[in-house]
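Labels for the chains are A, B, C, D and E, by order of writing; each one numbers its residues from 1.
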Amino acid sequence: MSRRGRPITSPPRIVAIPAVIALLFLGLPIVGLLFRAPWSNLGAVLTSRTSLDALRLSLVTATAATMVAFVIGVPLAWMLARAQFPGRRLARALVTVPLVLPPVVGGIALLLAFGRRGIVGQYFESCCGVTLAFTAPGVVVAEAFVAMPFLIITVEGALRVLDARVEEAAATLGAGRLTIFRRVTLPLLAPALVAGGVLTFARALGEFGATITFAGNLPGVTQTLPLAVYVGLEGDPSEAVALSLILLAVSVGALVLLRDRWLRTGASA
Amino acid sequence: AAHSVQPAAGSIAGSITVFAASSLKGAFATIGAQFEAAHPGVKVIFNFGPSSGLATQITQGAPVDVFAAASTKTMDSVIADGEVKAASTFAANSMEIATPAHPTRSVTSLADLAGAAIKVAICQQDVPCGAAALTLFSQNRIRVTPVTQELDVKAVLTKVQLGEVDAGIVYVTDVKAAKGAVIGIQIPAADNVTTTYPIAPITNSTNGSTAQAFVDYVLSDAGQNVLRAAGFLSP
Amino acid sequence: MAADGGVGMTRAMPVPSVPGGRAPAETFGLSGRIGVEREGFSLDVALDVEPGEVVGVLGPNGAGKSTLLRAICGLVPLTHGRIMLGDAVLDDPEADVMMPVNRRGIGVVFQEYRLFEHVSVLDNVAFGPRSSGSSRAAARLVAHPWLDRLGLADLAQRKPSQLSGGQAQRVALARALACNPMALLLDEPLAALDASTRLEVRSELRDHLRDFAGPTIVVTHDAIDALVLADRIVVIEDGLITQQGQALEVARRPATDYVARLLGLNLLRGHAIDGEVTVDGGGLLHVADRSVFGGVLVAIRPNAILLHADRPDGSARNVWTGTVDGIEVIGDRVRVTVVGPPTVMVDVTSGAIAELHLARGDRVWLSAKATELEVYRG
Amino acid sequence: MSRRGRPITSPPRIVAIPAVIALLFLGLPIVGLLFRAPWSNLGAVLTSRTSLDALRLSLVTATAATMVAFVIGVPLAWMLARAQFPGRRLARALVTVPLVLPPVVGGIALLLAFGRRGIVGQYFESCCGVTLAFTAPGVVVAEAFVAMPFLIITVEGALRVLDARVEEAAATLGAGRLTIFRRVTLPLLAPALVAGGVLTFARALGEFGATITFAGNLPGVTQTLPLAVYVGLEGDPSEAVALSLILLAVSVGALVLLRDRWLRTGASA
Amino acid sequence: MAADGGVGMTRAMPVPSVPGGRAPAETFGLSGRIGVEREGFSLDVALDVEPGEVVGVLGPNGAGKSTLLRAICGLVPLTHGRIMLGDAVLDDPEADVMMPVNRRGIGVVFQEYRLFEHVSVLDNVAFGPRSSGSSRAAARLVAHPWLDRLGLADLAQRKPSQLSGGQAQRVALARALACNPMALLLDEPLAALDASTRLEVRSELRDHLRDFAGPTIVVTHDAIDALVLADRIVVIEDGLITQQGQALEVARRPATDYVARLLGLNLLRGHAIDGEVTVDGGGLLHVADRSVFGGVLVAIRPNAILLHADRPDGSARNVWTGTVDGIEVIGDRVRVTVVGPPTVMVDVTSGAIAELHLARGDRVWLSAKATELEVYRG
């Protein structure tokens, strides 16, 4: 006899076994980290100028990269899922490239394209005096390049599963394509947008290889927290661990709040 | 942004960007502070990273004024690309065996590293500390099978510190910087290997005079004292 | 049996140009030929619906009724033919013209409702006005009276997933009506309603359609709904029109077995010569109308046929015998199927059944007056 | 007038603008890479023992990590989405931790938990003589730790949006919880599983920081392709780029095939 | 009007223990009291369905019919009460017992079908057999005859999204029946069917239910469906039972306005003394039955009332006058609403309307025989 009111769609008890293994697998390292955390260092790290700069920069650039991903990535996901155009398969393949390219190589590729001597970058420089490499916007570019595919793939997948019939109904009520997308499709996509956004933000926040290669590691300018952690590992790993814990606290807090809030309004679960 | 306001040619002012190998972080931070104190209004921005990565960035047009590498090979590649005319050697480093603060297996000399039960970490062979470790083993005629070839020296140090390996080949300066987190076992000078650190101003630097002044400062007694305090050898 | 029922008369009156300020100033008829080819199915229907006219579309499951509506509102492109609303071309594959769904101004109630699960009932109904540019508050003001009219006021704040089936259908109807469309397409708008709500919503809908100046198409499976709501009926079977005409005309003279069954009439096919019809499959019937010759259809209401235990005497011109095959109780009536020839359904009171001691397999006599038999060209 | 038969749910033309920007953003670096690719090196790299070992190891470990993620991650996602249990919020927060932890710190955390002196690892060593660090299974652990959250978050999101009513219908037909999950829920989740699997596989394939820290870098044993690329960058950068291109070709090929095939059967698009 | 219709008799016969080998060897009745509290709605219904019995549940939209079925099959937990199938407790909140949905062996046809979109029609129907352990091939063998029986054989390989509404509903029905359930719950199983398919599926369903040895509950909005399929009718309004009884008894003597409207009867409330009923709201009626006293209900069929232009002479005991308020054409009949007192609906032929020149607002006379008035305690 099952517990009263436990819906038939909830998992059977046996599923708890692999689930608990998964939790332990993900949780034990964190416990280890907290256990051996250099708590005494935390204060020093928290008041160090470099750490704070890095933390701030990380949050700002990861947010900006996520926004970039939304502004150009969601339209691309929409096209990939719903439009017929030549080269669609190629475009879809292209989206997976930054996922599998080792980030350091991704950084090199970015330099080759948008660097001062890159195939497009040289014109930026000569025509508008804009340089991306080794600047904070460059960090955003590196993070967006690496993280955007996460949003695109999540949203495209969700769009494909979405029941287009309610969107058709919206059209008969006089809503144009953009209105339908904004007022029907996006709200229905909310859970996928939140999940994709979380993955993108997280990936951007943790970005290391592409950033250090494309944007360098200039404290206060391009040194994000993962870079600071890397530099910090030199000599004293405990400082680096302390730094990561701060990053962890801030970002997990933010993500949990965000997801809980959005998922609640998005889905009816 | 660092280059927006440029001083008149020849004056020591404004800001410069220094690309330096990660292992120089501690010493260069101090030298930078001293240099800024000596030249009020000057700002030194450091970009620490793996030497080779820094070299790639420089050849791709990174806004940099000074490059300090951990190996002459890397510096030579930058010279070959024409970004640097000539470099000066400003420091040298030698190797040391690092063991965990609470070792499980006793290691007291280079020869012990050949033991089958001893887990050894070295740097990978393409970075200076890895090349040095291999030279060290061959010139002392010992056969060591490392369990890992770490990407850089600090990774070796981390492994030692956490007790994952029983010993690692690192720079003397690293043991010093670890401040007791690892135990260093010195290698007799006769058996040891030395690497050298070249430094150079970048040819296209927009603030060449200050760049040159910084290079000069590193090579000066004041600079050398800081390096020696950190465990570096004189070139 | 005269075709002068109240509803038809009202409908024939000219439509006032701006009734109640709600209808658009200009009204257009819907016309054209709708051709859709699909694997294993093809639809080819010519339609012409006047402004203010209500056409009821009847047809068996899978006949293409929903496909027809989807083509008219632009969700399925025509493969051949052309659809016009007034002078505007909605779809014309030959001219490569297709007006987007949202610019057609055609309101649709879908068979599966298709409500927006993410907003309240109120905002579902306000969606149309909002899409045409109103502010949220203004759109809700437009929506409220529609909720009231369809008895949904109490449910305004519910999400669609919290509605019962009938409630959801009314919301779909309110949502389409609140758009002030140029034409209306209703796909079984009353199917999920309970009998009493159905009466209310049907008369609400009929009143609205009476005021509505544009053309309307109502798909329904319910003959009564069609007769109450529609001026004209189009029957579609397997993608083609098999009968069309005034509602009462179709009700009186069904052209196919499907329509006859829908209306609960007996339909017999036969050959007429001088008032005598030789029924296909056997049997001879006398009809009052001697002017029809050749292949004909004969429609007989089940309650126009009488059952007798023995051969009846009397004035009825048609008398034959058969075997009881089925007995089905429907309310206060009993429907008896008698295998002839000809085979017919007969409605009698349950009292009569008891009196005749009828059971399956019994032999009975049947009689019907010639004047009760509607005969016409098939 | 719109193009005939273009469904109302397809994006309006204006959406092509941001979408093309996104494509250029993702595509130009790849063009740069291909443009300056050391084609002459490719042959040498392809026949080099180290490269081939690294490629094989990468593919094997990434596949294994993805399988681990499916076996224990999907049950966890199911529990998170559908079960009520104490500490559910904590568990959900835990899942996002590996996302935001800089991978190198993740590697340290793994060492602290499963390393030779780790809180659990020390018992592995003493009781069963199992060591994970510096072994190929260690690579799988590192990759799974970093990549699994991608699967969990994608699948959990999709499970929350899934319409539970068909699953209820399956229950009335006699199907138990596990049968429902296997025969109704999973097929309906297919697009999310594919998307999550692709993200997980890609993240595992590109994993660098946690792997090098937890499993080390020994050619033929724990040196995956990203490590080989990184190592190569120190020696001969053009060789490293050539190596990345091979990784790219293999994995993008595999992913595109996989996605196209599965998405076609999964969704009705 | 005797309650001895064919269907009722068949139903009352003892059920053979193993009919056709398909029904389970043992049969159980469904009984209990179903209490569900929800915000703004509460359901409290006591039910007792015998093995082989078919109970029709009627009720307005939102009355709780679907909720009742969901509670019985285990998708909504009871908040109070208890449900038993034979001796097995299905749900008992007090004893903290709740049998999982999939072990109850109760087949359900949902109002919204809930088909599996990811498999073919055939595999939808084969799902039940497959879930109970059959191989894929064996499950399909079980499914095939059900597809044939419901006219779905041609659609076996289709995906549910490629079906019309009525086709989908038949698949849902086939899927539930193919499971060989112990009890059947049908939520408007015929609502989307066209009139002719409806007749076929209804008689197919009736035959199946006749063979079916377990208890069945059919929710419907259609009085005819209820009368054809059900032995007994339970009317639920606003979560409570307002009337129940034999199908014909309910049809003859509706207890609430809802039921009367469903059946198309006039229902008047009044006070009876010695064959005279003073109608609430005005009017006096004579009834044949003098044995009923006090608060009573009077049911009158609309075609038992006659309309006259002038005061009629004759034997009819009830004669009164009123104003025509509405005229609605329904097939060959016209339904006229006359505001009394008492206010009633009257059915006349369209010919009669033309003869009387009836229009809205006209004054008319009405008459009805005392024997046509069904009077009973309310």
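We adopt the following convention: a contact is a pair of C-beta atoms (placed from the backbone, for glycine too) under 8 Å apart; a residue touches a chain by one contact, two chains touch by 3 or more.
Remember, predicted model here, so these are calculated numbers, not experimental data.
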Remotest chain, subunit E as reference, centres from CA atoms: B
Centre-to-centre distance between subunit C and subunit B (centres being mean Cα positions), rounded to whole Å: 88
Distance between chain centroids, defined by C-alpha means - subunit C, subunit D (Å): 56
Centre distance in Å when subunit B and subunit D are each reduced to the mean of their C-alpha atoms: 35
Multi-partner residues of subunit A (each touching 2 or more other chains): 8, 104, 108, 112, 118, 168, 171, 176-177, 180, 233, 237
Sequence positions of subunit B contacting 2 or more other chains: 53, 56, 155, 158
Per-residue overlap in subunit C, given as positions that touch at least 2 other chains: 74-75, 100-102, 112
Chain-level touch network, classified as line, ring, star, complete or other: other
Pairwise chain contacts under the document criterion: A-B, A-C, A-D, A-E, B-D, C-D, C-E, D-E
Residues of subunit C defined as touching subunit D within the complex: 74-75, 77, 93, 96-102
Complex interface listing, subunit E residues touching subunit C: 1-8, 58-63, 66, 111-112, 163-167, 170, 188, 191-199, 203, 221-224, 227-228, 247-248, 251-252, 257-258, 261-263, 301, 327-332, 334, 349-351, 353-354
Of subunit A, residues touching subunit D in the complex: 6-12, 14-19, 21-23, 25-33, 35-36, 71-73, 75-76, 78-79, 81-84, 89, 91-106, 108-110, 112-114, 118-120, 144-145, 148-150, 152-154, 156-158, 160-161, 164, 167-168, 171, 176-178, 180-181, 185, 191-192, 194-195, 198-199, 202-203, 205-206, 208-209, 225-226, 229-230, 233, 237, 240-241, 244, 247-248, 251-252, 255-256, 259-260, 263, 266-267, 269
Complex contact set, residues of subunit D against subunit B: 108, 111-112, 115-117, 133-134, 212-213, 216-219, 222, 227, 230-235, 237
Complex contacts: residues of subunit C adjacent to subunit A: 73-75, 100-102, 104-108, 110, 112, 114-119, 127-128, 130-132, 159, 161, 175-176, 179
